[in-house]
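As structure tokens, here come the structures.
Presented sequentially are two complexes of subunit A, the first with subunit B as partner and the second with subunit C.
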Partner chain A sequence: MESNIKIFPKSVVCEESTLRGDITFSSGCVVHPSATIIAEAGPIIIGENCIVEEYATITHRLQPGASWDVNKILSIGGHNVFEVGCNVEASRIGDKNVFESKCYVGSGVSVSSGCVIGAGIQICMAQQLPENTIVYGQQALQREAIEKQGSQTLQIDFLRKVLPNYHHLRKPNYDPKKARSVV
Partner chain B sequence: MEIADTYYSKDEYVETASGNKVSRHTVLCGSQNIVLNGKVIVQSGAIIRGDLANVRAGRYCVISKNSVIRPPYKQFSKGIAFFPMHIGDHVFIGEGAVVSAATIGSFVYIGKNAIIGRRCTLKDCCVIEDGAVLPPETNVSSYMRYTAKGTIEGGQGNPYFVPAAMQDEMVNYTKSFYEHFVRTPAPAS
Partner chain C sequence: MSFMQPSPVKYACSCGILNPINKLFFCRHCPKLRCGFCVSHEIESNFCSNCLENIPSTEARHKKNCCANCFDCPCCHHTLSPRATAVPVVRKSEESKDKDKEGESGADSSPATPSTKPSALPTTKKMYYLSCLSCRWTTRDVGIPDQGVATGTWPDNESLYQARFNTLMEYYQSLVLQEKQEKQEFQRRKAPKHNKYPSLTDRTGLTVSLIRRQIGWSDKNLSKTKPVNITPAEASAEVDDLPADIFTQPINLRSITTISQRHSQPADQPEAVNKLYPQRRSLWIKRSLRCRQCEHNLIKPEYHPTSIKYRIQLFASYHVPEVVMVRCEQPLQPGQANAILLKFTNPTMFDMTISLLETAPQEVLQQACRIKEEAVTSSPLLKATGVTLSRQNSTREIKREVLDVANAKLVPLESPFVLSQRDDSKEFDEDVQAPSEEPKFIVWRKANKVLLRLQFTPDAELKPGQLVTLGFYMQYTYVNTVSNTQDKKDPTTHALHSRIFIESGSIGN
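Take a look at the complex of A and B:
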């Protein structure tokens, strides 16, 4: 499988992360060391200001019998947080979601916007999570959020300052302005 | 009870002058901010995020495979701050645990795949069961057991959940773990 990774300016992607396939990081993304993103079935496009922490795994998994399809894009919205050790194979991800530590979201789950998947929760059945759903507790109960999630921009600002001091980064290699001027 | 020997290959682990045994397959970020006070075992796949804030671990700690030690953060109106993390002596952190506690006392046992939320405080001699999930800012007092169900049980003088001799048991356990974590003997040639 050929790796084709596009990184927009202002995003911080650590070199020690595992990236396979066709992946696009929009500006302002932060990828911590030893995070894993695998685009097996088609390209992954990650929206602005997403955080992917250690041991988090985002997979665009190949269904049995299917093959690589350029048009089958897994589009992940902006402002999502993938915390330590989460494993996300969802078919669609909107904006401002939080996937807490060690949660599992199976393929066929469609996550809209503003959702929080609690720590250690496993969602395997194909379903659609409505906006602002919170999945919590031992029985993985679902309810609607009473108040909106706080934004993660402060954390991103901090990480963008600190991570370059300690890690080797993959260089941003795609500038939308330059790309336009070439055309 | 004696623990069986665990062997590691010479190439895999580095032993420091103070007796720390650190695997080469770990991710120690910001190593200048990580203090291991001696005889600490850090097994392969463990991640310690010293780049976010200082991390201190006392003597005879065991940080098992694939666990993540990550200093907690708190959001203020003006930006966020990561707080330094302190781990006491004789602390065992199980495989795959995610620890974001503010402080961990001494003689603490954290089970496999436990998740310790941001800014939790774990006092001396407490037990976190395997797979337990602690919400952020939880306090677990001394001699308490945080179960996988999410309840806090026990208390001082109640030996059904945490043994009364927890301190001695953890000292023995971590010491013998260290002593039985030995290099594979070179094949006699």
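Take a look at the complex of A and C:
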């Protein structure tokens, strides 16, 4: 498995993060140091303005017996927040979701949009979370929010300013405009 | 050593309930062990645990024991926190266009609008809504408009039955008043007033009512306040039928409230989540504990809500030697001799002589009783205030037999042993004490701690898996620095005892 990491301009990806496989970061993404993203089964495409915090793990896990498949893409939508220590193996992730600290989302879970997986919640069964679902509390109760969670624009702007001061960054290596011009 | 897990060593309280030492109190005036069950609990102060505001008890009662400013989430019962948002304020020219939006965002937003400012700069105003950090519930979810100030203006959700509750309360209040007045009237008629100083009218046999009658006034009757009539509630056996679509449509559980959500909103107990409203946060209390026998305070917290200290703290672990089970020497087998290592710690500033006994020391018991009696009669508090004796009688101590039984035979220790006083500076001493003549059962001794070896034999008929419980009476000398009588100044020494049960473990297979 070769690492093929595409970073769009304006995204901040720290060098100390662990990235394996074919991963594409759209513009505006922020990846903290010691975050882990592993594309085992197929490429991962992360949408715009996502935040992946420290010790967060996003895995596109290989099913037993399967092998690397370029067409099996895990696409993660925009404006998602992966908080400290979360472990996400979901098969599909939409927009504006929040994975709170130390939560676990197993493979086979399909997260739509505007969902919040509360701190420490473990979702293991294959299921589909409808839009605006909020899973919270010790008993993992579900409720439906009236609107999607607000985007973290202020936080992203702040991180984009602060992270380069203290960390080495991976250089953005892919410019869609240039790529188009080449084609 | 037994932090965050149940302690194997339990002390029998003077009321007969077994407790670990950290749940027991020690009344210095009786002197006896007390537990939370056999002391009277009193409310020291009411406060809100969120904003830490102290609220006097009358005000707390008036506010139905709820905080005026803090709210709980109706969804997950966490505290709601106010969130500020910047709302663009509509300028005069656009006001007519966005009238409906204006009405929604609170009435006080229009006066703040700088109508005289014709600039094109968009003005914003801070608006607040309440949000739960746990389940992300917000007041916007149920359509409560944002407020211009963070606290104080949140609307109370009036329940459907509020008027009914109010009339019922009014009725019963007037009923209580009436009964009280009737009782007073009855007592006045029954027993003529025994005034300390006889008045002139008493001498001459003239009472106020007699005089009133002589003058020709009517008898004043205050007591004839008739309570307003209430309509009694009617029970009906008719229950609305289930809606027809409940059998055909899948139920959306997300729109239905849980039982705990309904119970947290007891006035209307809504069935749908869109009827959940923020609940005012219940007040907490600071509690003081009082010994029921001698009416002395055992625990008295500091008044201020932010303080976690006590003014009076008679926890048992400050006065009674602590017993900690270290280990058994061998695996527990029925009928096989074994030994247990116990660590004794002296928490007081005086040396203690401790002996472990199999039966209760009889004369000590009587002595303790006598001291208690003395304490009751000579308590300065009782004398000074003349505390109602009826209350005393109602809380007379009921002796309860300790039902727990030991199922192991102990080999009694040959002699009592001395536990030295607690000396905090000794902890840092380098020099080792010169080894002195020690009884054989003492394994080691350091400062105020003694590790001793107690031999025992579990009963022969115990089955595998059964708990082996050791039981003994620990007699210890206790130096009481408070004296019940005023003339005594020297600290008195008591020989006290408490019954201790140790769960040493279960019989091995």
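We adopt the following convention: the second predicted complex is superposed on the first by the 180 of 183 C-alpha atoms of A that agree within 3 Å, B and C clash if a C-alpha of one lies under 4 Å from a C-alpha of the other, contacts with A are read in each partner's own complex, and residues count from 1 in each chain.
Convention: a residue touches a chain if its C-beta (ideal position, glycine included) is under 8 Å from a C-beta of that chain, and two chains touch if they have at least 3 such contacts.
In this text, all values refer to a predicted model and were calculated from it rather than measured experimentally.
S.K.: Identify whether subunit B and subunit C fit side by side or clash on subunit A in the overlaid structures.
M.R.: Verdict on subunit A: subunit B and subunit C fit.
S.K.: Taking the superposition as given, does A:G65 touch the first partner, subunit B, the second, subunit C, both, or neither?
M.R.: A:G65 contacts neither subunit B nor subunit C.
S.K.: Which chain, subunit B or subunit C, ends up touching more residues of subunit A in the combined arrangement?
M.R.: Larger number of subunit A residues touched: B.
S.K.: If you stack the two complexes on chain A, which partner ends up touching A:V116: first (subunit B), second (subunit C), both, or neither?
M.R.: After superposition on chain A, A:V116 lies in contact with subunit C alone.
S.K.: Tell me the angle subtended at the Cα centre of subunit A by the Cα centres of subunit B and subunit C, rounded to the nearest 10 °.
M.R.: So the C-alpha centres give an angle of 40 degrees.
S.K.: For A:H167, decide between first (touching subunit B), second (touching subunit C), both and neither.
M.R.: first
S.K.: Of the partners subunit B and subunit C, which touch A:R143 in the superposed model: first, second, both, neither?
M.R.: It touches subunit C, and subunit B stays clear.
S.K.: On the overlay, how many Å separate the closest CA atoms of subunit B and subunit C?
M.R.: When the complexes share the chain A frame, the smallest subunit B-subunit C C-alpha distance is 5 Å.
S.K.: Common interface residues of subunit A with subunit B and subunit C?
M.R.: Of subunit A, residues 118 contact subunit B in one complex and subunit C in the other.
S.K.: For the complex, give me every residue of subunit A touching subunit B.
M.R.: 16, 33-34, 54-55, 84-85, 101-102, 118-120, 138, 150, 154-155, 157-158, 162-163, 165-167
S.K.: Flag every residue of subunit C that touches subunit A in the complex, lowest number first.
M.R.: Going by the criterion above, the answer is residues 75-76, 134-138, 140-141, 253-255, 258, 273.
S.K.: Sort out for me which residues of subunit B touch subunit A in the complex.
M.R.: Residues 27, 29-30, 47, 49, 51-52, 66, 68, 70, 73, 75, 79-80, 82, 96, 98, 113, 115, 117, 131, 133, 149-150.
S.K.: Provide the residue numbers of subunit A that touch subunit C in the complex, in ascending order.
M.R.: Spelled out, the residues of subunit A in touch with subunit C are 116, 118, 134, 136-137, 141-147, 149.
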